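Before anything else, here's the structure in question.
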């Protein structure tokens, strides 16, 4: 087992997909044999509180989401660098820790800047 | 073909797919995506050489260079993606288009 | 193909619609000339979990911010007025039950009061007390249910609503014991009430009223200090005082904006001048104030109930001179109004001397309180709109009649 | 029960007093007191179209009246009435003995043209008095169904005037958003008018021709 | 060269091709996410556990989201997304040429004859951390600086200056 | 000769059927058991009755005991439409559309006088005289409004009805037949009334009913 | 006496390791060519059986628990105590018609629930549910967990976008914004643990905590940074999994049912399954990181098998989630985001610094209390400051009301 | 302090959760089909027609006066008067309803019919378990379904029924007394007449049959 960790992960993935597909397939079979599907123009229209849906849902969206995504991306990358540091932390000297603190502070600076600019306030 | 060259071929193909996309697609976003793919291909090369290259055997001091390089590369790519997409957004705001050809046309 | 043209269309349409700004004190939120994101037009309702029935708001969203909101009514327009104009005076009483279907007793009272004005009927003393008791019980259950619904709109998984309905059921049991029905009591009559309440009933009511403060305490412990509730409601859906007055907003909503106007105090109808009770006033006019008005008024209702239950005299419950069936008022008109739990509930009657009212008009507090819905909601997010609507306390039966 | 029309401080807001103030304060305003025969004694003021908005603003801003709260707005339909009266007329009748003046009883039918009416119930939140009742009447029930809108004076009239437009067909000039409010847009009738006839409905009936629970006279009850 | 490698390479490459050629932008973005996942899989397959997972975390979890957002924010451009015939052909031709050169280089260089190490070089996360903080401190700080600069730059680019009133409101909050 | 073949085939079919018989029966039982115990209503209240419907889901009556407290706001996930209150003509198209958008199997409870027949408001010009003019109704609850217990009773009635439905054969449930429609035409807003005023396919509800629609 | 004790511990050990032993036995008794298959099946099948089972149990427990909070019974008629309720729901969902909107993007619409379920299952690969009971031994196990978790966002987006429904798209956007915002504090608050434990492997983190001083365990939740980290982690976890009070993406009262508005039948059930699986997984991770994983809360309780402890802790966590759901209203989008970026993120960073300080302060006898106090101060002072900032910045206060003067 | 109110709320819900196991007030569910809260005496749902004695036809109190039909706000009552008459409980000849239908799918349970009925013929039932899948057949109640004996009324509304019964007994007594008085008067008259003339049989019978109203 330990020598093939990914094999287990792949097996789990396959199992999980099968777990999802099996009931869907069963439901499909059920529909095939017993309960016929009855699609229709009204039934398969978009739901909107009982009204006919006006306009498209696929519209241009609010840029506020984008700002958060950028900040998230930056911090996600930061986490990638923090993780090895954290693992090695117990064996590291104070100097290395301070180096990481500097790394952290540099990023926090960006955060504080964004905060002060009012970016972290959802529009 | 040994594993290393297989990796390199795959990376080269990936790079070229990205290149083809970046060159032929008119959407600036996809151009950026193509560039990301090319960066990914480069990362793959780093990893391949780290894994199969002789460097690790030669110098334990440099055994992790490939990995660390990929980490840095990921960081740079992320920064690039953030700024690039923001740029596209900013351009889109003024030209109402992120079509590369249109943008150049508009600039005259 | 569709993308660009649609975007333009909606932008143009919006500008045109926005051109039509009007009205005293109407706020408008003009969208910026170049819109960052496209306007999303969403219909909230008529089937929506938080429109309190079949109400619809046509909302235009910029991201999640509301830039335009048009209420659409009429999904429950049941022609109450037309039906009442075709029926005898008595037959309208059960229909008033179904106006604001949470508060049938006060609706009865409003109508009966108008008819009593139109005909000039005196009401026996005991009846006045019974009416006050019924009205305040109604107010209590309405307010508690409203707080529950408001929290439901805020996304609480039903717990406050369950507690509110737990108490409401007890009050409905009382209503049922005296009038025979839980919700549609059809209890008040011109010059009286239909049947007297028994001493046992009064005793039960006293016991229940004694337990009600505990329930309000529980409610307050559960909700009052909750940071999420405060964050969700404070500073949201602000209704300025001047606009509230101009728009004819009444009831707890008006008082939350700081206007001291309670018809129980102003008109002193019934025997409300005999009871000591206070009128709570808000300062900010936001959702939190409106919510707190309800909670504080629940406590005042308990105070009135205690006094009324103590002082209620014996006596007849029906004015013997009044002809309940086949009432035929003189030619004339009358406007009678009461402080229903939701605001000023008025009935305007014109008699042409026949058995049926010539004109029967309900002045629905809910509908008029909705006038300023758009003004309160502009610039808020959908979540806030839902909460603001919840704090207005509407019942579609009354809005659309 | 205290009388609601007199405020405890003592500002007289009876229809007559308001009329006097209006005539003085709004030049050219024609205000007529409409008497109310019922015990409620809520008399009202009939205003002319031209000065209605001005008069309303005057009442709203008047330091003593301060009628800042327009509570109730409603339409009333008064259809054309045919009044039948018996009149004694002296006529020259050709009798067998020559023309002769004779008292003849004749039924004369006069058509009183109908009109639509809007009634506004005003109160004061500041002074806590009221009601003051204003009425506006249209010229007729057809083309002349126009009235000035008081929504610019009181926001609370907005939906209620829309409702009167929807159900009675009164057109309010100057209303910011006059659309149907209760019925759907394509609906063409004004159902609260007295002469409205609801559409024929297909009623399920039993074999013996009687609808479940509804007798013949009930079928006509909707009108 | 194992079966898993071939499968992953096929997945990655086909997803990449799909990402670069599908007409609907969102589909491209989703295919791109699959390509990134496949690439991460190849990394894992090559034994670079940390990097593979980091690739998944950053690319699938963040970059793909960013691209999706960017697409949703610039929706007006979705109209003419089919690659123009001429540019597509020229782009493909250039890319194929580049590929030919690269493949030739790979196959003819000494790499293809190089003896590959049988064992995976050690890459425990702890060692990565130590290496990072002992050998590459300066690049690390530079990356931090770069990220901060990217954050600020991207935000300034993407952020439309609000009206003064709105900003005041934002600040008082 | 033809008839002999037919007979033989019929016999085979019977054998085949009996083989599957047990299977079908148990399947039917499980199917009905699952459906009847997991009826999720649509969050959908129209008028007064809606308050009693809410009361039914509240602590005193607790419809959750039957597993039916999962009020789903989206018709896609709902099984039961409780038409709780007056359906006005303005609302009727929306109700029909919501019904249409529910996936099969779906059930309708007409709660209260108004939903069944227009009730006290049936003389109104804007009131639909019963929702069964446009969509098929499974259970009617008279009352104005019906008590919460009455709704629970109707719910139990519906459960019994579901339990009695067959999976196979000519008598199988409506939604299992391919030919029965799953969506009904949505009426249009006319200038005086809804058009059409009722749907001939569903109204009057039973062919053998003593009631007929007179034009 | 000693003998008995040894026997008891031996027996406890045996019971504790019963599944592991069975696993070994089964694998060794399988013919060689099939061994890999059996060993994998013995890992995959239990995961695919136990956690969906737990999901079924949780749905009914949640409904009953909410019921009890609300003075009622909850489901109690389907099967004994209503326990068969989820099975009825499953049968119903399975036989329900599947409606896909006409204008929807069919393929993406179909794939979304599958992707979300598969990724939810994958997270269990690195969750130690008992002593020696972990599916995959990964050096970077935690990173694997987070990397897999981040795929959920795309699945949610797929669901919301492909339906082409306004509510679902709004819900999806909300969900993504929320998930990315809370993923940062989620990772950062676990970094504090990693710093002290010095490993990314969940099983090693548990082993670090499964030591006892006297009878008390070394759970990280008992340190100031661990306690703060635990609260931060669980708050972020609730937000990551869209649990109340962070259930905005499916805020019924606002946007109908969020990103799965248009899903019916079993696809809808799959979303629910995935959501609960994520809750279990992330709660399990919280337990692993802060609550000592499968280790017993007191040393002498270790006789009870480790997997029982794990699931007991998991049930408690689920109970808390239900309890919170029964109490709280929902946050608003801006508040949610502000809370994430202006409170959670700074607190998580400070928590990391606190963990660093903890490590560098000496652990001598006298220092134990002092270290504790210093670290607590590092946490509490910013907490108060940030909480104040959140409250005062938004002018949130308990108000006092005046009454009209008697007239 | 941030979190204080939330903790308070959590405590409150926890109290209710625990309370639901120990406190009757915190578990208020009445498990309907098995348990029921007793309906109060005044409870009302739909009207029914009362009859005295055993025969629903003969004992029906309704005299087909149409008052309820006219007063019913939703107009759900449909009555057709008979052409012949039958005696009521005091023996007076009255019409009876040939058809008496109530469309319970329309009835709004307002009780106005009961209020206005001068003959104590219509009362409100408490029965509410009336769900049916039969839209018309099940919800249009004819005389047959509506007629319920007085005992039923006494059972569901004991106090009200006692009052009504007492009043009716009183009425009956008065009528009988009147009849007796009339009979006595007639007898006296007859005796007088007998004195005057010998034919008195016919007068006696007529007086007994027709009490003065």
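A, B, C, D, E, F, G and H label the chains in the order they appear, each numbered from 1.
The criterion applied here is as follows: contacts are C-beta pairs under 8 Å (C-beta built on N, C-alpha and C of every residue); 3 or more make two chains touch, one makes a residue touch a chain.
These numbers were taken from a predicted model, which means no experiment stands behind them.
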Chain-contact steps, minimal, separating chain H from chain C: 1
Report the chain whose CA-based centre is farthest from the CA-based centre of chain D. B
Tell me which chain's centre, taken as the mean of its C-alpha atoms, is farthest from chain A. H
Indicate the whole-number Å distance between the mean C-alpha point of chain A and the mean C-alpha point of chain H. 67
Counting only Cα atoms for the centres, state how far chain C is from chain D in Å. 27
Please report how many Å separate the Cα centroid of chain A from that of chain E, as a whole number. 16
Express in whole angstrom the distance between the two chain centres, defined as the mean CA positions of chain D and chain H. 44
Going through chain B residue by residue, note those that touch at least 2 other chains and give them in order. 71, 74-75, 78-79, 81-82, 85-86, 89, 93
Would you pick out the residues of chain E that each touch at least 2 other chains? 50, 54, 57-58, 61-63, 65-66, 69-70, 72-76, 125-128, 132, 143, 147, 150-151, 154-155, 158, 160, 173
Could you pull out the residues of chain F that touch at least 2 other chains? 31, 43, 58-60, 62, 65, 73-74, 76, 90, 94, 98, 101, 103-105, 120-121, 123-126, 144, 147, 175, 182, 204, 210-211
Chain H contact footprint on chain F (complex, rising order): 59-62, 65, 113, 116-123, 130, 132, 137-144, 146-147, 149-150, 152-154, 156-157, 161, 204-206, 209-211
Per the contact definition, I'd like the list of chain A residues that touch chain F in the complex. 34-36, 38, 40-43, 45, 47, 49-52
Quick check: in the complex, which residue numbers of chain H touch chain C? 2-6, 8-9, 11-13, 16, 28, 37, 39-44, 71-73, 108-112, 115-116, 124
Interfacial residue positions of chain F with respect to chain C in the complex: 42-48, 50-52, 54-55, 58-60, 71, 73, 85-86, 88, 90-91, 94, 98, 114, 120-121, 123-127, 144-145, 147
Listed in rising order, chain C residues that touch chain G in their complex are 40, 42, 48-50, 64, 151-159, 162-163, 166, 222, 224-232, 234-235, 260, 262, 265, 278-284, 288-289, 292, 296, 381-384, 386
